[in-house]
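The following pair of complexes shares a single chain, subunit A, combined with subunit B in the former and subunit C in the latter.
Moving on to the complex of A and B:
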């Protein structure tokens, strides 16, 4: 079976700096891959390349049957890739719904006529979207679902992260990229968030997830397979238990001992 | 019709409070407009100062006291009532002051500048496209009836053409505006305004520095210049312009509000606040910036055309940078994204200097100080834009 996402020889250079060095990473349908590595090892760059924010220098990116190499973020989004960001990118003065709806705007009629003239069509789409957003947020936190029309800025950090995850999920992506969902949260909050995510996984068995994380506990709990990056290169791929014992990984994290 | 459906399922008591609330909102709006009408009409310095003091007092009251805040919340909860009461108030003011040339000229000017501000709102407050050439697009609008006014094309069509002309000429700088950001995009529009003015000055076909005469607006063959009485009443030459200006603003208001409360509005806001997030979720930055820029310029152009027809002439000086800044001041002062704020700010910026002779000479100094003060102490403007709440629309759709 061919994987959902297959990157081969993916390279990203910024001038003389090679941020990603011929990466081969594959993710299967419904699989969760944990992506780890020290700071600056290229994890976020990998996401930025995958979502089209950076144009890769070399390599190939296949997603299902389509070639996503060098495509625009818009095309990649349409293909079914969604992500969250390491630093919150919510519009804090707008309502939770407005924020979450952004994730679905690629799938509604954005024409001027439904906006100006044929309002009944717009309202039907809007009601459907509100219902969907309510159902989705309720899974993560009923409080968010009940306050869907409050400004996003009035929520706690963990709820904001949940809102960001809902925004990424509402468009029904095939591949979800989570960039450090535990950043800036306590252990307790992280545990809650992971519980939500695991519960959600059960209902969406086909959704593939790539998770960038520093918290090893998070990686251990939810990933099927781990990939370790260092200086833009893949230094390890395999099960979590093997990861900790791997000498290359130990060197990358703890420094060389030669 | 819709409200009847909504309230039909509710207990009688709720219906009664709702009705009372609407009445209260209508009374507040009517009172504010009556005050505005007085201000427009008043000539005596003492009266003007007293009225201004009263408005400032009302403003402070509305902000500081809980009753005032409740009144604001009530008005925000009943936008339909606000709009209806405003329309009725405007008609009443126009009926009472039907013979007052100068007052009606002021009213028309405020309405047309507020319409231009509505176009700028789409561009700057929604999609985040800077436009420092508002007066340029306004002037383009005014040149169109100057050229086409005598050709027999119906003037309503001429207005449309004026809008299209402004949008089309805006296309010339669309690419550089889309390819630059922030200050650089602003500079592109400033350059466009300056170029346009120089072009108009040296172009003999368009009258050179003297400019051109613009024929009076005529609606279905009836020239506004020849309207001197309606029924048994003598009316000012400016009355039809004041009404047409207000109608145009109402149309612009309708378009802007509908766009704001739609997926298009969501797209605009997303593109303005975070281009990275908007792209990652599939929005085309160029498409939405271009949409806002074109529609906004069309609105400014139509307003400019009617303004030119009212004044009877247009010259290159209409496209000066200072006037573009005045349009921007209206936006900043009123509150980015709030069209009622734009109306209030248009009155403050266009009318008050005319009324207060003491400050007339210093008007530009005072605007500048006012804008600095607003940016420092109240960056979201006198009447900040309300957070969009689509819940009511979504609920209505389920019925």
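Moving on to the complex of A and C:
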């Protein structure tokens, strides 16, 4: 069976700096891959390349049947790849609903005229979207669902991250990229968020996830398989237990012995 | 002072405020989505006015249309010309300079404004002189004591306020509005959510420039006279209103528009001998306000980095 996402020889150069060096990464349907590596090893660059924010220098990216190499962010988003950010990037003065609805916007035309002319269809679409956003947020935190029309800035850090994940999920992606969901959170909050993630992964068994994380506990609990990057190269791929014992990984994190 | 006369002043102030607000909102929209100042905006007002003038004149020469239809022709011409010039300037001048310093866009659009202005002067027969604008609105006067106001002015005021409200609804209640707000806040996130960046930016330029075209029509209907360089002062006033109200916000420029007209009116009422200098007084107050509120009365909320 061919994987959902297959990157081969993916390379990203910024001038003389090679941020990603012939990376081969495959993710299967419903699989959760933990992406680990020291700071500056290329994890976020990989996400930025995958989502079209950066145009890769070389390589191939296949997603389902389509070629995503060098495509624009909106094309990639419409193909079914969604992401969250290490630092929460919400419209804080806008409502939770508007923030989440943005994730579904790419799937419908922007047409102002239809919105004015076909009022009943527009209302139906809108109430369907409200329902969907309510269902999605309720799964994470009933409190968010109850205050769907309050500004996103009035929520706590963990709820903002949940809102961001809902924004990524509402478009029905096949692949979700989570960039350090635990960043800026307490251990307690991280645990809650992990419970959320494990719960919705169970509900959406076909959704593939790539998770960048520094908290090894999170990686251990949630990922089926781990990939370790160092200086833009893949230095390890396999199960979490083998990761800790791997000499290359130890060298990357703790320094060489020689 | 005589209350009727005061009401008269108030009415005129409201009317001018509405027109200023409509122009200022355009500046704010462009700044919101792309962080650019589009200085050709004032001249798009003149393009709108002259398109309505031309279209009304041509149709009147061909067929005798009843009043409302003639107005509709003028309206469509003003909105259409505004939208087209906005989209063309956005596509040809502003988007290609997206990653250039903001000064480049400012300069390029300033020159585009001159091109539009001079094009009107050359294309319209005897274009250097003021042109009488056709009376497309019904005549008649509403009077109460010493207060009297033309029906046409009432229609312009109500129409203008309705347009301001409609713009607010488009921004807050529609998909295009959500896309505009998302691009204004963080264009990367918007694109990653599948928003078509180019389409949204051009949609914003079309929307803002339609407003400018409409303002041109309103000015023509109100003063019954249009001039090829009418956009210069109006562009500067609109820009000042947007800055003092808060560039990037929607309510700010609307407030700024009414504020500017309010100061002008107040100057005329309180210090009648300054009426010839009402723009000078208004700009002086605006300068002082900008000094006191450097980010505008309603500051654009920047995204909080945690």
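Things worth noting here:
In this section, the second predicted complex is superposed on the first by the 257 of 258 C-alpha atoms of A that agree within 3 Å, B and C clash if a C-alpha of one lies under 4 Å from a C-alpha of the other, contacts with A are read in each partner's own complex, and residues count from 1 in each chain.
As a convention for this text, contacts are C-beta pairs under 8 Å (C-beta built on N, C-alpha and C of every residue); 3 or more make two chains touch, one makes a residue touch a chain.
What you see is a predicted model; the values in this text were computed from it and never measured.
With the two structures aligned on subunit A, subunit B clashes with subunit C. Once chain A of one complex is fitted onto chain A of the other, the partner contacts of A:184 are limited to subunit C, with no touch recorded for subunit B.
By the document's definition of touching, neither partner reaches A:248: not subunit B, not subunit C. By the touch criterion defined above, A:120 reaches subunit B but does not reach subunit C.
When the shared chain is aligned, no partner comes close enough to touch A:67: not subunit B, not subunit C.
Of the two partner chains, neither subunit B nor subunit C is touched by A:58.
Touch criterion met: A:167 reaches subunit B and subunit C at once.
When both complexes are overlaid on chain A, the residue A:217 reaches neither subunit B nor subunit C. Judged by the touch definition given at the top, the superposed model places A:88 against subunit C, while subunit B stays out of reach. Shared-chain residue A:195: touches no atom of subunit B or subunit C. Of the candidate stretches 7-15, 25-33 or 313-321 in subunit B, only 313-321 runs into subunit C once the two complexes are overlaid on chain A. Shared interface residues of subunit A (contacting subunit B in one complex, subunit C in the other): 51-53, 72-74, 77-78, 82-83, 85, 89, 91, 93-94, 98, 101-103, 105-106, 108-110, 112, 115, 167, 171.
Every residue of subunit C that touches subunit A in the complex is listed here, in rising order: 170, 174-176, 178-179, 181-182, 185-186, 188-197, 199-200, 203, 301, 303-306. The residues of subunit A lying in touch with subunit C in their complex are 51-53, 72-74, 77-78, 82-83, 85, 87-94, 98, 101-103, 105-112, 115, 153, 157, 167, 171, 184.
Within the complex formed with subunit B, the subunit A residues making contact are 51-53, 72-74, 77-78, 82-83, 85, 89, 91, 93-95, 97-98, 101-103, 105-106, 108-110, 112, 114-116, 119-120, 122-127, 129-130, 148-149, 151, 167, 171.
On subunit B, the positions that touch subunit A within their shared complex are 255, 258-259, 262-267, 269-270, 273-274, 276-284, 291, 387-391, 393-398.
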